[in-house]
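In what comes next, chain A is part of two complexes: it sits with chain B in the first one and with chain C in the second one.
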Partner chain A sequence: MIHVGFTKYITRRILEGIISLFVVITIIFFLFRVMPGDPVSMILDPKMTPEMKEMIRNSYGLNEPIFVQYGIYLKNIITLNMGNSFHYSKPVFEIIMEKLPNTLLLFTSASILASVLGIFLGRIIAWKRNSNTEYILSVVGLFFYNMPLFWLGLILIYIFSFSLGLFPIGGMIDYQLWSFNPSIIEKILDILHHLFLPLITLTVSSFCGMMFLMRTSMVETLKEDYVIAAKARGLPDKVIRNKYAARNAELPVITALILGISGSIGGGVLTETVFSWPGIGYELFRSTMERDYPLAQGCFFMLSLITIVSVIVIDVVYSYLDPRISYD
Partner chain B sequence: MNALEINNLIMYYELFGGNKLMAINNISFSVEESKTTGIVGESGCGKSSIASTILKILPDNAKIINGNIYFKYGEIIKRSGKVDLLTLDKKTMQDIRWKGISMIFQGAMNVLNPVYRVGDQIIEIMRYKDNISKEEANEKLEDLCRIVNIDSSRMKDYPHQFSGGMKQKAIIAMALSTNPKLIIADEPTTALDLISQYNILEQIKKIQKKLNMSMIFISHNLFTVSNISDQVVVMYAGKIMESCEKKKLFENSLHPYSIALIKSCLSINDKKNKLYGIPGEPPNLVFPSSGCAFYPRCPYAKEICKKIEPEYKEIEKKHFVACWRYI
Partner chain C sequence: MIKDYINEIKEIFNENWPRFRSNKIGMIGLVILIIFLFFAMFGPIYVKIMGPEYLPVNGMDLSLEINPNTNSYAWPPSLKHIMGTDAKGSDIFSQFLNGSKLGFIIGISIAIGATVLGTTFGLISGYWGGTLIDSCIMRIVDIMICIPFLPLLIIISAVSGSMNLITFIIIMIMFSWTGVCRVVRSQTLSLRTRLYIDSAKATGASNCRILFKHIAPNVIPLSFYEMTMIVGAAILTEAGLSFLGFGDPTQMSWGMMINYCRAQSHVFKSLWWILPSGLGITFLSMAFYLIGRSFDEIVNPRLRKRK
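Our next item is the complex of A and B:
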């Protein structure tokens, strides 16, 4: 329920979020410093004189003591100045802002689709326990759940793109099509066309967890007094299933969704890489491989920010779903 | 004319490992139209199982293997005369529920759906069962609030904002909301203080008279049962020990268990007497011994009580007893 305590609650949650974010960026910073390899080697020309190399190192601040570097790093992050990418020679912030919508599109649609599908199927198998439906859905779900994500992605690419030619192999847009100034609808259709396979990969591999959680949770609520009482009242089965058993079973599943989102970041990186989806995960993978410190740091920062924000959002949504939660 | 008639009902719970817990062991009793039958007995004697069996809301491991439950009002499901509830299919049984038989649940704490407003839950069932408009349902809700003595503005609250007593009252209101022919009240006032208990019981009696409802009143409290009932059934270990009119139970109870039960209740008149307790423990329902269920605790136990179970017999009109002393 939303009342006076709500603003206070939100403020507290945002403060907590900022603290988590601070911890994350600190870890990211030190993680990169202890990694083996010299970042400057990527941009230095072997023909350069040692003086020139020193100059470049100095210009990137790599000769400063590590805590001075950390201080500069913090100051820069707060002012959203995340430096220039070694690879692109462009401000990191600019690159991230360019990639962020792509990642959000893939993540949000996959999370929503997986939870809707998981809750829907979990409700069915909890209601029809020990039926063939439960058996088949469990086997299919577990099959995909245990399959490595990138492998599933590759298989889908092989079948639907390579063999059948139904979907593009990777990327997000068809450059050839876009160069002809297509209409908005054509653009949207093209993006959806590219989105389909990565979306299916992420959804198929993660809905099963939600499905089983929903099933377990609902098997419990089916034994609750209020469900038995609703049965005793002779309410239609559909009402008992949806308004009584499933509605209450969803609550712990939503909590799991919060944990699932942070878990799906890793899956997101893999999926974006396999499908060359121009998002933050793909950029993170590439910049880490190339020791593009500023960009990798920026990507990590952004992914953490997405996670923290979505957790706060789900927390707030939760209060709408469960009237017993109040913010005092 | 009987509103409800139960004949030779046997129901057991199948336990893990294949054992059977005989919860209802060959029980027969009836509820007269617009009268109240009280069921009294200690915890675990099968009182609530009878309620769940009548409404057919038993858990999956419960098996009914014998008996009939005849319900008089076949017209609710468009049939004439009485119907055997145990032979009805799921859909028809759903129509009987709350229009024919409603129930006041024991342990009100968790009976209301935590995510919907209390009033909405009562309105929901009225609209499903009676096909009335929202306005009519709201009006009726106001009436119900007056009957059970809840401020009607509180109906916009969620169950967790109600106290235990208020939840119990809301559940009573819900059971009355569709004017059922028979109400099963399973420990309806246990969660309430004595004064509310009295008031609610009086209200229930009044409504019962007004709407001509029959009632099964289940409680472990002999005095609450006797206050409201016309006929009293005394249960022990899944069986009926004695059944008679309430007046007779206090004046001329026959079964040793009934006698002991009455003796173990406090009376206002005799202050000096120590409270009596029945020695021993209730029997194991999974591995019952042969003979009469009560004989290990019975002061009058004879050799035959150990071996053969006494028959449940009508000794005089409307007075049944199962004891070797009266055969």
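Our next item is the complex of A and C:
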């Protein structure tokens, strides 16, 4: 199944990803330097002594011409030296690596849940066109799809945490519980308990996109000759729907995922902020609020990297799944 | 040429209006849209009738006393303030009306800008498909798709202090055209191989004429559909950015209302403050979405419902 064109294709996609990343870091570089005022004041902690300031000034090459600065900046990024966070007084890279698993946990679980739910419901409404089921599911789905998810999050917190007291208001772990050295199962349960509301927020507000994509794709697949042939052979509806039509209808939905990634990263930032989920998005928000620019740059870099990597992964998976695609 | 487009739009309208009218989902969207349009127009009139204490941004009702339940000037809905007041005693109904005006301004200006940009690039890219200019445009689109733009907006507004509305709209236009471009390009790619294009070429029509006279009218319905999708996305993005506190502080948008409510920790104390703005965002962007969807069903025969 894998042939030469495939490897070539992957290489090209990765190269394109690297170019995108390069564009992103260039944008960050110029953003922080084109702005009026002394860029040093943005990078330096006001609490530092003049000697320390001079040292950092040199390490960023801020006394050199702008192109040299750009070179130093690129070198720093490639060697993952993104400076120190003022707030934590720790290297930015270390903080980001600490937060990355939390973001990935929320992001991947929500994407998977939303896709599964969307594909499942899309299959149903494509099969039962013009029915009340389609009508109700569409309106309910659209209602949540167009709801600002930070607002949905606040309302869910109000109902489930504040009024009913079922779930924690925010955060990822219960520090009190963790200080008593609980067993691993208790730890997992605690994280799941905290994960529930953010996960529901993200899923509810994004499954509808998948549902409609699946519906459109499925409606078109149902008109294909092989589906009609299957019907003529007298196969049960369920088999035709799940084994014949849905399999092929799922393929275009996967590519459409790519277009939504940038949006779902934005949604992730908002959700993390509402629920104080200790991920990269929340860190980005907090660091920009506190003018902790090295950390803000690092978080933005990491979020872009996540976007790019997921775009490439989906693309490659898709071209692997669909043998009809050409690799040039 | 502009006359042609107006005629084209008129024709599309005359042909499709009866179909649209029988489309339940589309009509719901249109009704919601008209209601919000009324809200948006009514905003300034309301302030004029009620006086300067009702100004959305810095008006406040000085006759209010502190509400013991919320420890601020936030009072639940009453006859004087239909939707209640916020923590500093400002009228929420007036803010809500102002928010719907801003929602229309933001959504529609971004959608039109992005659609014009995307359609132009899509036409060029598709018509000269396979050439250098096409691959340049498509690579730019690929790169743009990889940039998470809410975080980018956060960084930009953080660096530049605060972002005013015009800057926000321009940046959003720069990042929202890619979807339209892709769709228009693929449509143009298939249109340019049609016979009538060949015959236009044979009679000596210039590329420009073919592109804008023969191909563009055929992609307008698609662009229009994409446009309605962008409106909702733009309103939601503005709300998200304002919610995080990076919006234009001189404008009381719906997102800003939610931001103030949360910043003054009134979410659990005064639901009346947070509900109208969230529902406003939801219904306004949903209205555009519903209209777009039903429009898509009408112009896209493959999706048309069987009678």
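Keep in mind that, in the parts below, the second predicted complex is superposed on the first by the 283 of 328 C-alpha atoms of A that agree within 3 Å, B and C clash if a C-alpha of one lies under 4 Å from a C-alpha of the other, contacts with A are read in each partner's own complex, and residues count from 1 in each chain.
The criterion applied here is as follows: a contact is a pair of C-beta atoms (placed from the backbone, for glycine too) under 8 Å apart; a residue touches a chain by one contact, two chains touch by 3 or more.
Since this is a predicted model, take the numbers as computed values, not measurements.
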Room on chain A for both chain B and chain C (clash or fit): fit
Touched partner set for A:Y158, first chain B, second chain C, both or neither: second
Partner chain in contact with A:L137 - chain B first, chain C second, else both or neither: neither
Partner chain in contact with A:T273 - chain B first, chain C second, else both or neither: second
Chain B versus chain C as contact partner of A:L213, first or second or both or neither: neither
Chain touching more of chain A, residue-wise (chain B, chain C): C
Touched partner set for A:I119, first chain B, second chain C, both or neither: neither
Shortest CA-CA distance in Å separating chain B from chain C in the superposed model: 6
Contact residues common to both interfaces of chain A (with chain B and with chain C): none
Residues of chain A touching chain C in the complex: 16-17, 19-21, 23-24, 27-28, 31-32, 35, 42, 129-130, 135, 138-139, 142-143, 145-148, 150-152, 154-155, 157-158, 162, 212, 216, 219-220, 258-259, 261-263, 265-267, 269-270, 273, 281, 284-285, 288-289, 291, 296-297, 299-300, 303-304, 306-308, 311
Chain A partner contacts - residues on chain B that touch it in the complex: 55, 57, 59, 93-99, 102-103, 105, 107, 109-116, 124-125, 128-129, 158, 160, 174
Residue ranges of chain C in contact with chain A within the complex: 24-25, 139, 142-143, 145-152, 154-156, 158-160, 179, 232-233, 236-237, 239-240, 243-246, 255, 258, 262, 267-268, 271, 274, 277-278, 281-283, 285-286, 289-290, 293, 302-303, 305-306
Contact set on chain A toward chain B in their complex: 223-226, 228-236, 239, 243-244, 247-248, 321-324
